[in-house]
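The structures considered in this document are given below.
Both of the next two complexes hold subunit A, though its partner changes from subunit B to subunit C.
Right, the complex of A and B next:
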């Protein structure tokens, strides 16, 4: 019996599919228009506004689809390649939101340069498109397509400021490692294909009992290689070596892009693939996940301890956070899939929100440093006594650090609560202890940041370090909004999770 | 509604104190200390009125609010009171006033934000004492930590960052263990009844297998033992107490340690009666070790606040020993000890703060002969040291006596050792008094001001009243054991 026959061939493109796919279609259409716009007139302001408009509309479209009934239940299959449900669209909304933040924050980073930066915005849109394809994919081929689109555009962005000290190094590192990752992944996919004869996620490889035992090994190796490809992108230990260097070398908005869009999309597709393939029944795979998760929690948290550079610190902390998130993959049964998605998306949104907030402040300080004639990264010391001079920014920073540390009143705590729920239900006590110890170590580097923010200013420190009124009105409203959102969702998580129920 | 109003009223008045500090409105210069003092007094009387007029039998938990909060996980916002929590909340309000008064002149910098943190901690503590939804309890449990850490880290002494981080990590990691246990309980509830529940009263009905209950109890126990603190989880306490500003130490020793004891009684004992009875010998051993170790370490200190901090470990050992003895006399002893220790350690830390303000040192070797120049302060010092070593006539004596009498029926040998702690406390108590107030006068110090006299006088008054008439708080009947 050939499993291929079990798959219903869906080739007809109905109106419903068109509607469901509209955000991604709109995004692609927008990219084409952006290309034309560049050909017509090169203006940075115009393309910045244009890409913001595109992202806002994509966001609105996906939220509109989320609030409708069209996605509820099983989701909509669009050819064999794509399948969207409410979870993938919620993830898409998160992606658009973070891309929007990146685009909005890029303006100040790009001002210091002389050229017109049309390509920069175009590449961000392409990254978003790649991510959108990833979260919608239901097939290894479409997944790979999205994966490559995302990686290649990111390589261009990482090395974008080519005259910067680390730009070329970071770009090369990212290029070579993501090429390695994709070849690992391709080989893995080939192995999986050799056994299932099909590339669709929906073909349950765990249920393939017809193959002889030697072939089972192929399948396991295939899954392992596939997972390691994704782990490269998620910078999970032991595939994390590139992350701090690339985070540091990339332009700061692009670091944010990597920390949010790329990771969220990769994680979504990982969950999607694991759940529909039923990997949670595979004992070997579970062991691998547990080891990788524990390693990531440990490595990420301990290496972050001594970091002074904020971008490196965030890189390490994100290693740990994705280690925690792997808990999601260990569900005990099919019934808990919905809850697992809910937990994952909540955690991811908390993570995204915290990252956007922190990078907003990093960028503000970077700009100020460059105004003082210093072209360097922001260090923790630069934030000393921020609370007493720039109250609003400091509150935002403290809230988002607390959120990353998972302290109540913030979204991060609810996210951590969801993860612990997940881990207790699946009875993975190793991961529970990893999470508890990891958060303990994590506090040892999150708290000093907060203390630095509260430290009184020293006498010899120039007042010009925190001049008042540097920030104009618009970001201040944005910052206040971020503070309110993070508190509100931290205290009333229901208002968010109703979208996923 | 009223209870919520009190909890959030504290938070709100804290914010008001912060915003209006040193600003002039309508010709009146607002000061954070006045705003916070008045609001604590007002809300405290609100609480007393609420209890007095509610006409309920507080021997059992009386539910005050229950509103759905996070419906996807069946989490409620639920508050309830019984005599135990009422006693502790009243203690919180009394010490809140003390905290504000001891900070009156000590805190000059960033006072608005300071009082905000102080009031936020009170509001978290009152939340802890009244929450009956376990998620809400955990929420308050953590929320009270953040402003407390801020108080240590911003207004503390020379080594404050280290102390604050240590304090936070200890409590955070242990409370995450408790969170795991809480989630596991909710999940067990789901398995047994089909719905998740974080509601305390629902959990009392659960029938948990002893093997599982043992682990779950341990999760709760560790969190509360860290807070109490008990050996071997005590090492955060000397640092935090020493480095905190005066009000921070008063708050930590007077109230925050009591949340640990409260948790042991309300959650460990009541939710897992069988498991905690099995665990009692270990807990009692830890308690006795804490008593002796705390006394020994207190004797070896040359830092005033560190000495009092170690003595707290010793005293809270009595509480733990009593709690795990499972009889009514011991329980009442535990509760009286909690209140008495709250008052007496608050008094000693306030005294430490007053001395620090005068000589800018906490080192006992810099002190001596203060009686000569400040006899009133010396008198109070003697009385508070006497309270700490359990002089009859003061509240601590009643508490420790009842604890030991109750525990003797269960752990006779351990009580023999624990009683040695009383001798130890007399030694370090006298040491503290002698080094500070007797001997050759090193410096001239000013005697107590009216404000300081009021603080010390009212604390001593309460200690004496409770020492002679402990029936005020002995009314707590334990329905389960009676």
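Right, the complex of A and C next:
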């Protein structure tokens, strides 16, 4: 690097920025260290512990910075590319939390294979880094880089168990899906750039009214393409092809990673972009959002009705959940941005917590099945009479299913309440009715799971499905902890929502 | 040299993009699907460079470089998957990849 550039960087990059950016810097540094660690010694146990340590530290750093008073109000702009505010820290903590859960849950899924799986953990860390860049980005270029880091690492992870029956299929479908998504998004960015002349989020595209009519058309098409690119990644309704297949074919911890880290990061960046570009003033865009949201609620909930495979069911239900979340984008004015962020983050936290809980149990049962010599996905029937044999897990499952369904005294209910409030404030009655009807249909597939859990076992059923004491100490503590957190946050949501404010 | 209007560049890139997208949707051979993806990404590149030259900025060209890097990375992963597919199914036809239903 020549000296002139050096001087420029020193003036641009202050110590405060280093502090603000430290979680992301730490994460990237950790990835480099992990690479060196692999070069030094290939040991799966070591890399697993190491990546957990990195994620825990990143989580602690971001929580520390969130509670500290470094960020007052507007947030800190770090060059033109990144902007970190309290909401980015909060979603970063959520991301680290879910990545941590994925890493901790992966151990047993990997055990059945003989090789050393260094790359697996490395890829998870890279996905987390991509997501972290996404939530901090304030520029289309940095957003694009985070997006690709996230997608390409995820493609590798989806097809990770190469000998698995569906590995190639799921991997290839995800590759095509994410490549199509990124080209749609990029074309959208190119169109927006051709009109605004600036790639930063902060430039308000609504102000660009000087250009002639055909060019304004390109701007609208650009916004639409950009949104549909992100909608592909969030698997919203008209863009949801293959998403359930990918969920089913991916290794189960990776399904959790896709359902949480990737979606939360994408949704955060979507909110960030829409709010700072002022798309909520664009009536045309709002109509599109309403249609996509309604379609997602309807399609997700209806297709989930007849699913027996848990992973597919979660896939369809997540389509519906992100349909509900789109309500957030319809804010009426700039004053309500903070409230919209709070609602979104609360709902996302509830969603993440419920998903982590459900997948913990799915993985425990998958392990059980593979010990019985059956390599297949967990179906709802496998959970029959769970309550009478494995009580702690059953309680956790019931709580998280209720939370997803949005029954009172769970986090999910409060989240839905926030969303309903948003929809009423923005007076979009279509979305209000969509949310209500969607939740009603949702009960039709959530409640049967609970019925199955409580159903007494039939005589001919193998007892070996639910042997007692199969859980070693660590998962049991984890599960108990999850139950306590879910209950606590469900009954006292204030303790968490104050934290968001 | 006469200047090319921005609209023409954008229309060209949209046409290229549509050709690529149709290719991804219609083609049965996975190798050609990957190639169509490349066409889509290059269409984006045309739009970026056209827009960058209108605004007299380097941003568009830098974005194009990033897009190229992405294309390379994506094709690397895609070809690796393709080799797995060829080994496993002895064909590159996308129709063999429809075992998951439900």
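Quick note on the criterion: the second predicted complex is superposed on the first by the 490 of 501 C-alpha atoms of A that agree within 3 Å, B and C clash if a C-alpha of one lies under 4 Å from a C-alpha of the other, contacts with A are read in each partner's own complex, and residues count from 1 in each chain.
Going forward, a contact is a pair of C-beta atoms (placed from the backbone, for glycine too) under 8 Å apart; a residue touches a chain by one contact, two chains touch by 3 or more.
Remember, it's a predicted structure, so these values are computed and weren't measured experimentally.
J.: Who does A:407 touch here: subunit B (first), subunit C (second), both, or neither?
T.: Only subunit B is touched by A:407; subunit C is not.
J.: May I ask you to decide whether A:197 touches subunit B, subunit C, both, or neither, giving the answer as first, second, both or neither?
T.: second
J.: Contacts for A:444 in the overlay, against subunit B (first) and subunit C (second): which applies, first, second, both or neither?
T.: After superposition on chain A, A:444 lies in contact with subunit B alone.
J.: According to the stated criteria, A:229 is in contact with first (subunit B), second (subunit C), both, or neither; which is it?
T.: neither
J.: When both complexes are superposed, which of subunit B and subunit C contacts more residues belonging to subunit A?
T.: Looking at subunit B versus subunit C, the one contacting more residues of subunit A is C.
J.: Which of the two partners, first being subunit B and second being subunit C, lies in contact with A:253: first, second, both, or neither?
T.: After superposing on A, A:253 lies clear of both subunit B and subunit C.
J.: Of all residues in subunit C, which touch subunit A in the complex?
T.: Within the complex, subunit C contacts subunit A at residues 6-7, 10, 13-14, 17, 20-21, 24, 30, 33, 37, 40-41, 43-44, 47-48, 50-52, 54-55, 57, 59-60, 62-63, 66-67, 70, 73-74, 77-78, 81-82, 84-85, 88-89, 97-100, 102.
J.: Name, in rising order, each residue of subunit A that touches subunit B in their complex.
T.: Listed in rising order, the residues of subunit A that touch subunit B are 342, 388, 402, 407-409, 413, 417, 420-421, 424-425, 432, 435-437, 439-440, 443-444, 447-448, 451, 454, 456, 492-494, 497-498, 501.
J.: Hey, which residues of subunit B end up touching subunit A in the complex?
T.: Those residues of subunit B that touch subunit A are 69-73, 109-110, 135, 138-139, 142-143, 146, 149-150, 153-154, 161, 164-165, 168-169, 172-173, 176-177, 179-180, 183-184, 187.
J.: So in the complex, the part of subunit A that touches subunit C is made up of which residues?
T.: Per the stated touch rule, the residues are 140-141, 144-145, 148, 152, 155-156, 159, 162, 165-173, 175-176, 179-180, 182-183, 186-187, 189-191, 193-194, 197-199, 214-215, 218, 244-245, 248-249, 307-309, 312.
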